[in-house]
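This report refers to the structure that appears directly beneath it.
Letters A, B, C and D name the chains as they come in the text, with residue numbers starting at 1 for each one.
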Amino acid sequence: MSKFRFLTSGESHGKCLTAIIEGIPAGFEINIDLINAELKRRQSGYGRGERMQIECDTAEITSGVRFGKTLGSPVTVVIQNRDFENWQKIMSVLPEDFTEEKSFTRCRPGHADYAGSIKYNHKDLRNVLERSSARKTAIETAVGAVAKQILSKFNVKCSSKILQIGKAYENFELEIDKAKEIGDTLSGKFEVVFENLPVGLGSYVHWDRMLDGKIAQAVMSIPAVKAVEIGQNPLGFSGSEYHDEMFVENGKITRKTNNAGGIEGGMTNGEPLVVKAVMKPIPTMRKPLNTVDLADMKECQAHFERSDTCAVEACAVVAEARIACVLADEVLQKFGGDSFDEIFRRLGF
Amino acid sequence: MSKFRFLTSGESHGKCLTAIIEGIPAGFEINIDLINAELKRRQSGYGRGERMQIECDTAEITSGVRFGKTLGSPVTVVIQNRDFENWQKIMSVLPEDFTEEKSFTRCRPGHADYAGSIKYNHKDLRNVLERSSARKTAIETAVGAVAKQILSKFNVKCSSKILQIGKAYENFELEIDKAKEIGDTLSGKFEVVFENLPVGLGSYVHWDRMLDGKIAQAVMSIPAVKAVEIGQNPLGFSGSEYHDEMFVENGKITRKTNNAGGIEGGMTNGEPLVVKAVMKPIPTMRKPLNTVDLADMKECQAHFERSDTCAVEACAVVAEARIACVLADEVLQKFGGDSFDEIFRRLGF
Amino acid sequence: MSKFRFLTSGESHGKCLTAIIEGIPAGFEINIDLINAELKRRQSGYGRGERMQIECDTAEITSGVRFGKTLGSPVTVVIQNRDFENWQKIMSVLPEDFTEEKSFTRCRPGHADYAGSIKYNHKDLRNVLERSSARKTAIETAVGAVAKQILSKFNVKCSSKILQIGKAYENFELEIDKAKEIGDTLSGKFEVVFENLPVGLGSYVHWDRMLDGKIAQAVMSIPAVKAVEIGQNPLGFSGSEYHDEMFVENGKITRKTNNAGGIEGGMTNGEPLVVKAVMKPIPTMRKPLNTVDLADMKECQAHFERSDTCAVEACAVVAEARIACVLADEVLQKFGGDSFDEIFRRLGF
Amino acid sequence: MSKFRFLTSGESHGKCLTAIIEGIPAGFEINIDLINAELKRRQSGYGRGERMQIECDTAEITSGVRFGKTLGSPVTVVIQNRDFENWQKIMSVLPEDFTEEKSFTRCRPGHADYAGSIKYNHKDLRNVLERSSARKTAIETAVGAVAKQILSKFNVKCSSKILQIGKAYENFELEIDKAKEIGDTLSGKFEVVFENLPVGLGSYVHWDRMLDGKIAQAVMSIPAVKAVEIGQNPLGFSGSEYHDEMFVENGKITRKTNNAGGIEGGMTNGEPLVVKAVMKPIPTMRKPLNTVDLADMKECQAHFERSDTCAVEACAVVAEARIACVLADEVLQKFGGDSFDEIFRRLGF
């Protein structure tokens, strides 16, 4: 049921991250600078560790685009790992390169380590960590940057902001500095807003077509997100307080509130789409947690790999990207068409 | 990517609700009484209106089961609408029965009415209401009741409880009585718990295989749900406070906390799966909201159709059902097999 | 990737056959007489056995349509089994009705019996036969009849004809009479043609979007079909003989041949779509085949259940239906839109 | 419904071809030499043009494999285009590199050119040709080579042979030499056989699970394939001649014939799976066809790009690959499991 479909791949310290996007109509101008700008946004934000400087991700398109425009064929986006030189032995594809350097067996609570080792029968937890890493959100951000460009053709605008970091509603830097000092990490809450969406994306006719459900999946599947809300959390509100009454102004329907966050009946209703999410504190900490070494089943301290104090800003950027993919898919399905010329001719643009 | 797949259909006052479930292995004993028990649970709960008495849903299986066991072929579940007699003219399939009786044009805020009328080009909002109704969750509950029975074969247990109604954390009846008296409706929060799940359902390897994402979609796509959380909402917690440390007891890994709600890295981690959700207050109120009549674009009072004061208990039952479908799919994929004999032989049961 | 999606269910002697179709835009007039006409065509044709008289299938719509028009919600089609009265004990859903009457263990070569019994661990081969029966094509024909009606809104026309029965290219009745007399069955070949399809359905950009591939699946998945061809089978032709040269007539592109059968590069090319298929002889014969009884692993004669001598005409009707589903999906994806009013406004109809 | 899922990308003269394969269990040893061996087989065969020498494809794995074994995460396979140096301006991603060199507007009959130009609104037919090229089958062959390695773990063996080239059943070289001399191209027929498949892959329970249907799609979606058969084409056979009787030998079921080609009721039945297909003659010929120039709508001679006389052997290799993908998916679904250790433990290997 999806038109804008994609697969992504790549390990945290592997050679590169890759995405193949299938279903973009032809004749769409892709601006690679805008992709790179999103990748940069994802790496920014107060509270990030050193790796962000090493990464400095840039995207390359290796298929599906010619002379700046989509061909209608699958678009491939690749982000090289700039640090790969230092990891090529450790992450080698070849059996003869086998090494236990950088392998580890102490589960990090809050990570995929424990369940991943059982599911995939991995003794070396690096085999889990490398894919379960938040690094994979870089390529998801690149895919979302393409989706955003499609949406912007339909005049859809996107933004996000931080609502809370740790216990602070403002002056987040101070909160982050304090946590960093003691080697701890911070949770936070953010909000993503999409404006100008056409009315009627998504549908109530079948559960798997409800737009709020699709958005919730997109956001909750970002590593570290534990809570998702659409619009104003209704907890404690009565019906007469919560629902957004409708009025007429200059012959048009208007509302004075947007508690519904732009979605009624699983569909966009013309008001700004507002999605909020809570990110848990990063579980890799200098101040380590008690855990278990799977090699000998003894209690120990969790393995520490260099990390961030707070990545809520990055998480918001990824959430924008992930929601943009859902919306681009909906818009392309709604308008049909195999080329942007056709779509815009239909829309009278 | 789904083995337990299904489609549902049916209008609120139509002849019947139907579901076809494809992908259940053969040789599985389906107990129809357990399906009906779930349907009854969904209709119970303090604060429901009169319709619940009329409904008194019972399921019939019309395919895929012989002598109490699944054949491996698609299973069809039908719930007849007991009130259909009174609606057969109004909901008739036939063009010659056209009538404007029971049609309406005044949008109800908080419902699909407005966006649905634009999306599907419906002048009569009944054409929207009939499918966007929460009535469709009855058949989803029936499908979920089948999923639960599958899970119980793997010793998985499921329960739910109410956490908050309106502003009350307990004595919910009083809160509901007060709201009913003034014709208002109430929001609420509930929790669903699944115990005994195998470690490693879901996966971190690709965004659309993350179990938390799938669960979030399942729950957020229930009409009226606006917020979903997995485990303890991490807002305000630091890393050292939040993550669930691991210990060894009698040679086995244990935890003293379950803030993660049973999911790490998008997978079950062996702890109870805990999902919380917030339901908005029902938007159909005796005390009506200001709105717009689409027929003349004039402001007016919203249309009132007999309704409940609070349906949070029912919503929790539906959430159990919806999550059970996700988990049954995961379990069936994990263990493979085309018959339950084969599955259990593999598992050494 | 599919908009017109559906599930079907039902056993051969079960209570009913059911289909749920999800994805039909709103405001589409469904004519149930046209569905029944297709069901009748499927039951006709020279060489059919007695069951066809018993069946006399008629479709009922139980959801998704009001006053003759689609609502946008899932459409349910049900075909009751008129003979169910005589089978309700044997096909009962209830465990307490268990009986071995009508059970059998002698595999019928050419049927699903053997592989089905192993796959689903069925001792009683009736548990296989009941779903593997060609009976299920009745409900597929009903779904296809809806798809055809959608296509006819776009002026697409469909027809089919028999090319060969047994060894005869004409006078098929005689061939069938001879086979019937000796208790044998006949294979045959037929052709389905769709005219007026828009150029560019399907796509070369990804293997699973190639229209010829989708059509081949649709037709080969009809029970008893063993060969599928698009257009003229190219075997023995050279490039200069085979390919359809292009000419200009009155400023428009024309062709003098249609060896490609209307598909180039996995897309419709504006010429009639021509699909041919070969149906194997029905494997249930009065003159029985040597086989094995799975109960005692002894050689024996195959179980005989009343059957047809030749069902090639019926098979062609089913093929029309199955291909229509593929094409309706493609057309709806191409034009987008949630209501037929919207689609036709776009198309300037 | 698919576990072994993949997307492919890449233009004929673009930088590279890429595939991402999602769903391979962990701990599976991938042998890259076996992938390259299949790529070489695809480029071999009597009657190929010069490009095959230039190509000499080799695969690189850039994700999902570490020290020779799969991690459970998506596997990326890349085939660099060795000739890209000469095409990088013509196939540039950048708008500023726009050039009309190598562009063309004369439709080649038998290719995607005409329909593709309309569907995707391409004026320069190179924008169609680059993806509709058979070049994309190289990466499909690589994906299939991975699927074959998975199947070989289950002892499944695969082979293919040519049945006919042009009008010749043997001495194909002579036929090809003659065609080459006059600048013509040849059609042909081949057969692919898979042995040792478990009984019960595929299913009769729903049309989209029929294995013959899936195989037909896989093979018919190979560019230039116009006909697909499973087993012996039944045309002209009666029921008593065609069906494969069953016998008992040493307590096991045996058959003396395999007309069904290993599939009954849409499932493997334990006999060798036999698939035949007819490839049309390559439509790019030195001896050009009459066609139309889309730039001025005048009749003209078709554009000629260096080509092969006959590629039936290559087509057979691609068919092996494509069918292997379908079968690997079925096998992985049947056995479940997230690591090969788990799968083999279950199977008692």
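A few remarks follow.
Keep in mind that, in the parts below, a residue touches a chain if its C-beta (ideal position, glycine included) is under 8 Å from a C-beta of that chain, and two chains touch if they have at least 3 such contacts.
Everything numeric here is computed off the predicted structure, so don't read it as measured data.
Same-residue interface: chain A and chain B share over half of the residue numbers found at their contact.
Placing every chain at the mean of its C-alpha atoms, the farthest one from chain A is found to be C. Mean C-alpha position of chain A lies 43 Å from that of chain C. Our note on geometry: chain A versus chain B, Cα centroid distance of 26 Å, whole angstroms. Taking each chain's centre as the average of its CA atoms, chain B and chain C sit 35 Å apart.
The residues of chain A that reach two or more other chains are 5, 7-8, 22, 72-74, 119-120, 131, 200, 203, 205-206, 338, listed in rising order. Residues of chain D touching chain A in their complex: 5-11, 14-20, 22, 25-27, 29, 32, 61-69, 71-76, 91-95, 97-98, 119-122, 127, 130-131, 338-339, 341-342. Those residues of chain D that touch chain B in the shared complex are 1-3, 5, 22-23, 72-74, 200, 203, 205-206, 333-338, 346.
The residues of chain C lying in touch with chain D in their complex are 7-8, 107, 109-116, 118-120, 128, 131-132, 140, 164, 166-167, 179, 184-189, 199-200, 203-208, 210, 212-223, 225-240, 242-248, 251, 253, 260-261, 264-270, 278-283, 285, 287, 289-292, 297-299, 322.
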